[in-house]
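Read through the structures below before going on.
In the two complexes that follow, chain A is the common piece, with chain B as its partner first and chain C second.
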Partner chain A sequence: MPDLGIDVLFKGTNMLRLLGGLWVAARISLISIVISMPLGILVGALMTMKNKIVRAICRIYLEIIRIMPQLVLLFIVYFGTTRAMGWNLSGEVASVIVFTLWGTAEMADLVRGALISIPKHQYESAEALGLTKVQTYIYIIIPQTVRRLIPLSINLITRMIKTTSLVLMIGVVEMLKVAQQIIEANRMTSPNAAFGVFLVVFLLYFLVCWPISMLAKYLEKKWR
Partner chain B sequence: MKNWKKLLSLGLAVALSVGVLTGCGSKEETAADASATEATDAADSTADAAKGNEVYRTLDEIKESGTINIGVFSDKNPFGYVDENGEYQGYDVYFANRIGEDLGVKVNFVSTEAANRIEYLQTGKVDIILANFTVTDERKEEVDFALPYMNVALGVVSRNDNVIESLDNWNPDDSIIVISGTTAETYLIANYPDIPLQKFDSYATAKEAFENGTSVAWANDNTEVIAFSLQNDGYTVGIPSLGSADTIAPAVTQGNTTLLDWINDEIKSLGEENFFHADYEATLTDTYGSEYEDSLVVEGGVTDAE
Partner chain C sequence: MNWEFIGKYLPLYERAAVLTVKIGLIGIAFAILVGLLCAAIQYYKVPVARQIVAVYVEISRNTPLLVQLFFIYYGFPKIGIRLTPEVCGVIGLAFLGGSYMAEAFRSGLESIEPIQKESAISLGMNHRQTFQYVILPQAISVSVPAFVANVIFLLKETSVFSAISLMDLMFTAKDLIGLYYKTTESLFLLVVFYLIILLPVSILGTLLERRVRYAGFGD
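Right after this comes the complex of A and B.
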C-alpha cells in the first residue's frame, strides 16, 4: 500500500476545514443555480420571441458571457466594480453574481434550443384539436421541452459546481484552496499528501454531483 | 405512487427553500458587513473631504475600524500558509501579527495569489500586501513599497539526471515552469524570450506539475527552489542566483503615505530588537537551516547593497 498521505486530513481540524470549503463551494453554486434556472427559462423564452430587438439583446448577452472565461468575469465583477463604481463586494457575492450571469445565459440558450426543437406539427396538431394557446403550452410544449432540458441542465449544474474552484482567485477559500493549503502546510512532513488530498477532493465533488445525476436519470425515466 | 411523488417534490421544495434562506442569511450578513464598512468609509471621507474618493484607508481609518486587512499567501509554506488548525503561519504572517499588535488592531488575513496582489491593493480590498512581494521597478509604478525585510534572487531547480546550470543555448523543445505574476516570469520573458514557459496560477499547481515532470526546470525565488530541493530528493538547484539580487518588502496602495510611513518607522524600530532574525528563527529555520539566516534577513530595512 503506497503512502497516499491521507493522514494529513486527520491532523487538527483539517477535515472540517475541507468540508467547510465544500460548503462554501456548494453554497455559491446552489444559490447561483436556484437564481439562474428560472431566469434562464425566462430569457430562453425571450430568445424565441419574434421581436428582433429583444432577440439581439439576448444574443449579445449570451455571446459576451459565453466568450469570456469565467476567471475574467470573476475579476471584472470583483475588482472591476470596485474600480469603476467603488462597490466593495465580498468575494462570495461577486462569485454568486458571476455564476448567476453565466448560468442564466447558458440555461437560456438550452431552453431556446429545446423550444425550437419541438416540431411545428405539434403546435398545429394541438390547434387542430381545439386547444387554446395556453393549453398547448401546458399540455404539449412544456412537458416535451422539460424532458429535453433535463440532461442538458444537469450538465450545466454539475459544471457550475466544479467551476467554483476558480473563485480562489478572488480570495474565496473554497474546497480546492483548502486542499492546497493543507498540502502546502504539510509539504515537509508528508510530501505525498497531494495525491491523497486531491483524491478526497475528487470523492467530495463526486458525492455532490452524483446525486444530481441520479435525480436526472430518475426524472428522465419517469417522464418518458 | 402519486403520494410518493408529492412527498418527493415537497422534500425538494423544502430543501431548496432552506438552501435559499440560509444562503440569503449569510449573504445579508456579508452585505451588512460591507455596508457597515462603507458607512464608516463614507463617514471618514466626509470627515476629511479634501482627500476625495481614494480607495485606500489611511492609518487613522484603519485604527478606528479596529481591523487591518493584510493580504498573505495561504499556500506558501514557510512564508505564508495555514496550519492544521486553520491558523495563518509563516515568516510574513509573523510580521503581520506584529503589525496588528503594534497598531492595536485585529488582523484580518486575506488569501491572495501571486497574480492578484497588485489588484487587491489598487482596489483597496487589502491595506497591506505581505505576500513575499519582491520589489521591482514595474511594480513600483503600481503600488508603494515600504522598507525591505528580506533578500531574494531568482533560482532554477531541475532534476538530478538533467541538472540545468545555464539558460543559454536552450533546447526549444524544453520548457520552464513559472508562476504567473512572479518576478521569475517577468525576468524570463524579458531576458530569455525564446524559452517556452509553462505558467501556473498557484504555487501548489506549479509544484504539482514540476513533480510530475511536465517541464525540465522550475524558475522561482531562490528561497523557494532551495527549500524545494532540500525537502525533495532528486532535485538540484543548478542556478542558485539568477538576475539581480532583489528585496522583499511590504506594499501599500499608491499614495497611502500615512500607512507607508508608519510601516517604515515600524521596520526601523523592529531592527533595534533584531525582530526579523527572531522571525527567521521562529519560522524559517526548519526549512533553510540557520546557514541562510544572515543572507536572507534584512534588519531595520538596511540592505548590504546600500
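Right after this comes the complex of A and C.
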C-alpha cells in the first residue's frame, strides 16, 4: 500500500485551513439561502397571480436563470458586469449575487408548484364555510403548502452547497483551492497527497450534504 | 461589441461546443446505462447489490461533480490509474448522472401500483408480457419529466470540465478573456453557444413530456 498522503492534513494547521475553506463555501451558500428563500416565496406567489404581465416577467426571469449553467452566470457577473459597469466585485460578492438569483428562481418554481398542487376545492370549501380570504390562506392553504415545500427547499439547500464548489473557478479561496494549495506545498515530501487530500474533500462534502438530504427525505415521508 | 473579434474566434467556440456536446452525450449515455442497471437492481431487490447501489446513490448525489472530477483526475493517478481529461469527464458525468437517472427510473417503476401487475397476471400474461405491455409504458410516462430534467442538468454540469483542462466552452471563454481582455464578446459567444446547445433540448423535452402525458391513470 503506497503512502496516500492523508497524513499531510495532520501537519501544522492544514486540516483547520481545509475546514476554513469549507466555511467560506458554506458562508456563501448560507447568505444566498437566507436572501433567496423569502424572495423566492414572493416570486413564486407572483407567478400564481392572474395578472398575465407579472406572470410573463417572472417566467422569463426563471427560464433565463435556469437554462444557463451556474458557472456561466458566475462568469457573467464576475467578469462581465465588472467590465461593463466598471465596478470592482470580489469573487465572494459575485458568488452571493449569482447564488441568490439562482436560488430565488429555483425557490420560486418550488413555491409555484406547491401552490398549484393545492386542489381548487380547498379554496371553495373554505369559502363555503364562510372563511375570509385571509383566513383561507392562514388556516387552509399555507399549512398545506408549507408541508410540501419544506422537504423540497431543504433539498435546494444541499444543491446550493454542492454548487458553491464552482466558486473556485472565479478565484474564491474555498475548500478545493485550499486543498490544491496544501498539495502543492507538500509536493516534495508527499507526492501522493492529491489522492488523500481530495478524498478528504470528497468525504467532507458528503458529510455536510448527506445529513441534510436525509432530513429532507425523512420529512417528505413523514408529511406525505 | 467588436464583431470582427467575434467572427475571428467563432471557429474556436464551434470546436469547443462540439467537444462539450460530444462528452456530454457520451457521459449521459453511460449515465442512462448505469441508471437502468441500478434501477433494475433496486426494483428486483437483488440482495447485496441493492445495498451497494443505495450507498452509491447517496455518495454520488451528495457530492459536487467538480469534487468528483478533481478526485478522479488528480487523485487517481497517484494510485496508478492515469486517465485523459476526456475519459475523466465521461466517467464523472456517468458517476454523477447514474444516480440521478436511477432515481428517475426507480420512481417511475415504483409508482405503478401492484394491482396493475396482479391484473395483468390474472389476464394470463406472463412476466415478460406484464413488464413489456403494462409496467414499462406506464413507468416511462411517469419518469419522463425527471429524465428530461436530468439530461438538461447533466448538460449544464459539463461546464465544470474546464477545471480538468478540457478545452470546452468555459475554457475557451476564460482563455480569450485572459488573452485579449475582450470580456463582453467572449461572454456573449459563451451564452449564445450554451443557448444553442440547451434551448433545443429544453424545448424537445417539453414536447416529449406533453406527448407521454396521455396516461392519466388514477386521477
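Operating definition for what follows: the second predicted complex is superposed on the first by the 196 of 224 C-alpha atoms of A that agree within 3 Å, B and C clash if a C-alpha of one lies under 4 Å from a C-alpha of the other, contacts with A are read in each partner's own complex, and residues count from 1 in each chain.
Going forward, a residue touches a chain if its C-beta (ideal position, glycine included) is under 8 Å from a C-beta of that chain, and two chains touch if they have at least 3 such contacts.
Everything numeric here is computed off the predicted structure, so don't read it as measured data.
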TODO: Sticking to the clash and touch definitions up top, decide whether chain B and chain C on chain A clash or fit.
DONE: clash
- [ ] Could you tell me if A:83 is touching chain B, chain C, both of them or neither one (first, second, both, neither)?
- [x] both
TODO: Considering only touches as defined above, state whether A:67 meets chain B (first), chain C (second), both or neither.
DONE: second
- [ ] Considering only the touch criterion stated at the top, classify A:209 as touching first (chain B), second (chain C), both, or neither.
- [x] second
Open item on the list: Quick one: is A:75 in contact with chain B, with chain C, with both, or with neither? Answer first, second, both or neither.
Closed with: both
Open item on the list: Quick check on the superposed pair: does A:119 touch chain B, chain C, both, or neither? Answer first, second, both or neither.
Closed with: neither
Open item on the list: Taking the superposition on A as described, I'd like to know which of chain B and chain C A:194 touches: first, second, both or neither.
Closed with: both
TODO: Give one of first, second, both or neither to describe whether A:184 is in contact with chain B, with chain C, with both, or with none.
DONE: first
TODO: Determine, under the contact definition given at the top, whether A:163 touches first (chain B), second (chain C), both, or neither.
DONE: second
Task: Partner chain in contact with A:38 - chain B first, chain C second, else both or neither - done: neither
Task: Candidates 7-15, 205-213, 223-231 or 277-285 of chain B: the single one with C-alpha clashes against chain C - done: 205-213
Task: Those residues of chain A which chain B touches in one complex and chain C touches in the other - done: 75, 79, 83, 168-169, 183, 191, 194
Task: List of chain C residues in touch with chain A within their complex - done: 58-59, 61-64, 66-68, 70-71, 74-79, 152, 156-160, 162-163, 170, 173-174, 177, 183-184, 187, 190-191, 194-195, 198-199, 202
- [ ] Write out the stretch or stretches of chain A touching chain B in their complex.
- [x] 8, 11-14, 17, 27, 30-31, 34, 75, 79, 82-83, 86, 88-90, 92-93, 96, 168-171, 173, 177, 180-188, 191, 194
- [ ] Going by the contact rule at the top, pick out the chain A residues touching chain C in the complex.
- [x] 2, 4-5, 67-72, 75-76, 79-80, 83-84, 158, 162-163, 165-166, 168-169, 176, 179, 183, 191-195, 198-199, 201-202, 205-206, 209-210, 213
Open item on the list: Which residues of chain B touch chain A once you look at their complex with the stated criterion?
Closed with: 16, 19-20, 22-24, 26-27, 30-31, 33-34, 37-38, 53, 55, 74-77, 81-86, 89, 110-113, 115-116, 119-120, 122-125, 201-205, 207-208, 211, 231-232, 286-287
